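The letters A, B, C and D name the chains in turn, as written, and every chain counts its residues from 1.
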Amino acid sequence: MTQMNGFFFPRTASGAASLIPSPPWYYSGDLLTVEYRTDPDRVAELLPAPLELAAEDPGAVALIWADWQSCSSSREELLDPVRSQYKEAFVVVRCSFEGRTYSRCVYIWVDKDFAIARGMHQGYPKKLGQMWQTRPHAFPQASPQIGPGGRFGATLAAADRRLAEAVVTLREESDTNGFVNGHPMAHHRVYPDIAGQGDAYAELIESGASAFQGGQAWRGDAELRLFEAPTEELARLEVDEVIGGYFRQVGVEWNGGRSLAHLSGGSL
Amino acid sequence: MTQMNGFFFPRTASGAASLIPSPPWYYSGDLLTVEYRTDPDRVAELLPAPLELAAEDPGAVALIWADWQSCSSSREELLDPVRSQYKEAFVVVRCSFEGRTYSRCVYIWVDKDFAIARGMHQGYPKKLGQMWQTRPHAFPQASPQIGPGGRFGATLAAADRRLAEAVVTLREESDTNGFVNGHPMAHHRVYPDIAGQGDAYAELIESGASAFQGGQAWRGDAELRLFEAPTEELARLEVDEVIGGYFRQVGVEWNGGRSLAHLSGGSL
Amino acid sequence: MTQMNGFFFPRTASGAASLIPSPPWYYSGDLLTVEYRTDPDRVAELLPAPLELAAEDPGAVALIWADWQSCSSSREELLDPVRSQYKEAFVVVRCSFEGRTYSRCVYIWVDKDFAIARGMHQGYPKKLGQMWQTRPHAFPQASPQIGPGGRFGATLAAADRRLAEAVVTLREESDTNGFVNGHPMAHHRVYPDIAGQGDAYAELIESGASAFQGGQAWRGDAELRLFEAPTEELARLEVDEVIGGYFRQVGVEWNGGRSLAHLSGGSL
Amino acid sequence: MTQMNGFFFPRTASGAASLIPSPPWYYSGDLLTVEYRTDPDRVAELLPAPLELAAEDPGAVALIWADWQSCSSSREELLDPVRSQYKEAFVVVRCSFEGRTYSRCVYIWVDKDFAIARGMHQGYPKKLGQMWQTRPHAFPQASPQIGPGGRFGATLAAADRRLAEAVVTLREESDTNGFVNGHPMAHHRVYPDIAGQGDAYAELIESGASAFQGGQAWRGDAELRLFEAPTEELARLEVDEVIGGYFRQVGVEWNGGRSLAHLSGGSL
């Protein structure tokens, strides 16, 4: 009888083919964030029961671009960086569950399969997209500086359509990198029933960074444009009022989460 | 309380953002198949209990390239073909479960996210890859013909490494398109536990085409080369003896499957 | 003294690294064409002297999607189809030179480097883009048929922005595949001066297929939408009146052209 | 009569569609370099007359990966970074022309069309490839540090085949970033004749940075592996002896070059 190994599929005797290794997973990257307010009803549409709108500022949304390098404990991915680098853009709202405030990623696009698989595990609803964000660099010939007046652009596209564009102009140092993505994440993990009757599996989980380091955060002015697409609903989260733009470099470790609730089939 | 809709994530009030629509799913495409024999022990390594080696020709393997156009019942994807066309390469072995012979996809690569999501649902262990296969065409200036002497090449790469190359030279009409991929599929669907303790969910399911049309199958000679890669184990299924190569055009409908067994946590 | 070989760069002693082999080049593919009329002044803007507007129907434009398989005389690319298959979308107008009517490609996007290099040689102003067009297939599960009512979609994107979308619904057999792309091509080949003073080289050349086979052409109704982008001017060729849509499968051989005029530096 | 504008094709009345804007061009990026010695005869094979082998260390080769952000004088590309960021890997040797030593790029791969077009102008023989190189980052969770022991990997692939892999382990500060790529570049710019008789245009040009800033260079140990591919000759420059590995961050301005010689047709 074969003992199968591998954290994720495909599983094999050795586990070497697994699309992702076991946590912990490590990340170094740059975050470009735009926070804004939309109609709270539009946020509520994305919160299945028993989740509820956050009590305070319930229409707040964060659209975050991240330019990552990531690895497992072996760090071997860092020397074969096609397996290490990826970009993403994700949309975070807040919600309330059993009296506690959570962040929740409602849309996310990445550009590598290992990132999709990690998202499956963590409950991030990942699609493939094309993301670009301006990089800071030691030399200014073709780069903004991390400081007053530094301008960073970011774009998101999927299925050959541009979905979002942002420009953030840094103004000053900031105590925070925004507030919308500042709570533990409350995510669903679901498996539709193979026979087509609702979900065979549905679970609400909580997770967050197991360790975190952050550089000086900067805030400034932000412009954000969202575009319609036939298979996307990002533009439904209309930009009523921009709260601000942020830039921060971070180092993160992720090492699992905990189950909040197992939901009966079809309930999500 | 919000009623969430959408077959797959991300789920929303309308369901429009779901990465994939509900089945049935429809496919038109060309299959290029190489069947060969490897050491049955290498196949057994990929069969978790209670699956066992097939009784007959247990070391038979099919490596299949497919060039697909696909859609949902709405057929709207066909007019926005970035959402419809995809390529894949997959490796099929056979196994036995409760006395019945099944086919089983042990490795598979695709080039679109909707194909990954359909694979998650169906238990195909999909990764992203780059697949190419020679196309037949009405005019021969830069195309083989589907007939004696027609030569079709196919390649598979992932993470910037070539994993497999095949050339099939058609010789004659064939009653079959090979035998390895001819049974219902027995696949696992798994969700690793969010706290890191084995699997939170593991299920063995059966599925197959709910409707099928196939053109004249052709068989011929095949060459196949497999290459090593640090995160792949395809080359471990060494080519001991080529059985043959096949080409066939098919139309397929898929509309769900059935659960064979729910496995206790960590058992897979 | 080393004798360098190779039709194009990089040149080497053996010539094996050349991005493209010597002509003749061979093509098998499907063409989806939308012809329409725009303001002739917008066409004139794209015709450098001594080219002039065509005498008849000077505002006619063809936007053509092509799904190609291509090869050199060795046909070896067909068995390694990453080097053989590519997609393109191109915009053709007509013009007059020394009393003769020519077709002229004013914009074109492709998805492979060998196609860019062939375009450099032939005077096609190629950029990279993402092109998709619905494919006909022997089985209708996820495919239109080549016949009355058959609907084909096509899209073009570059730099993560959608530039054009078309839908063609076939109605009847047609004697032609349109008329705009039916003449020899009159193209410029230019090399800007390395010191920044106009062009070091500028030539007007004529070329066309050295051999051609075409299947039955079909015509029908067409919808076409063009979108703005900061580095593109396709949308400036506004759709005033759709002439029609066409579908045809073709086989083509290309084997060079002839020089029409060498232009003095900076004249283009 | 229309006045055409645009530095490169496609040219239009406004010039807005040009694949690249006029120089000067600006770059900020990270260079990872491996220098080694190969058989000088292999270098000589890549030097068309009147170029000759460099007098000193004629078999020296530099394989350089670069992770760039780039822009024109408008800097607008920086806010739409799909038009600004690109990666490349290139191979440099040295040569002698009229008694002066030049660097010469003999092979190069990039991942954007604007980079191909700039290369056409500058005489870099660019193909499309997939390049990855480890990035330094402020936080070490998934990043090497620029300092003793910092390990950087780099890979190059084209046409779904891996062509080169390197690992550089930094050891100490260095006065230079290597010596092979330290001279003005001597490049050819060629246009094959449209009628197939040798070259219609062939020019030897010299160019280099018009302004340059560099951070502290680091040197260390390097491993380099080159792989065969049917349309590449990089592996022919066999690694006989590794000289060293280097890492440096730079800012560069490029603003044209000068013509060294116009070559008669077919002479290159």
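Convention: a contact is a pair of C-beta atoms (placed from the backbone, for glycine too) under 8 Å apart; a residue touches a chain by one contact, two chains touch by 3 or more.
In this text the structure is predicted, and so the values were computed from the model without any measurement.
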Rotational angle, Cα trace of chain A fitted to chain B, multiple of 5°: 180
Between chain C and chain D, centroid-to-centroid distance (C-alpha), Å: 30
Length of the line joining the C-alpha centres of chain B and chain C, rounded to whole Å: 35
Euclidean distance of C-alpha centroids - chain A vs chain C, Å: 40
Chain A, residues touching no fewer than two other chains: 80, 82, 130, 132, 155, 160
Pairwise touch network: line, ring, star, complete, or other: complete
Complex contacts: residues of chain A adjacent to chain D: 26-29, 68-71, 75, 78-82, 84-85, 130, 132-135, 137-144, 151-155, 165, 167, 211, 213, 215, 249-253
Of chain B, residues touching chain D in the complex: 130, 132, 155, 157, 160-162
Touching residues on chain A, where the partner in the complex is chain B: 1-2, 4, 7-14, 16-17, 19, 22-23, 44-49, 76, 80, 82-83, 106-108, 112-113, 116, 120-123, 125-128, 159-160, 188-192, 194-196, 200-201, 203, 205, 207, 230-234, 255-259, 268
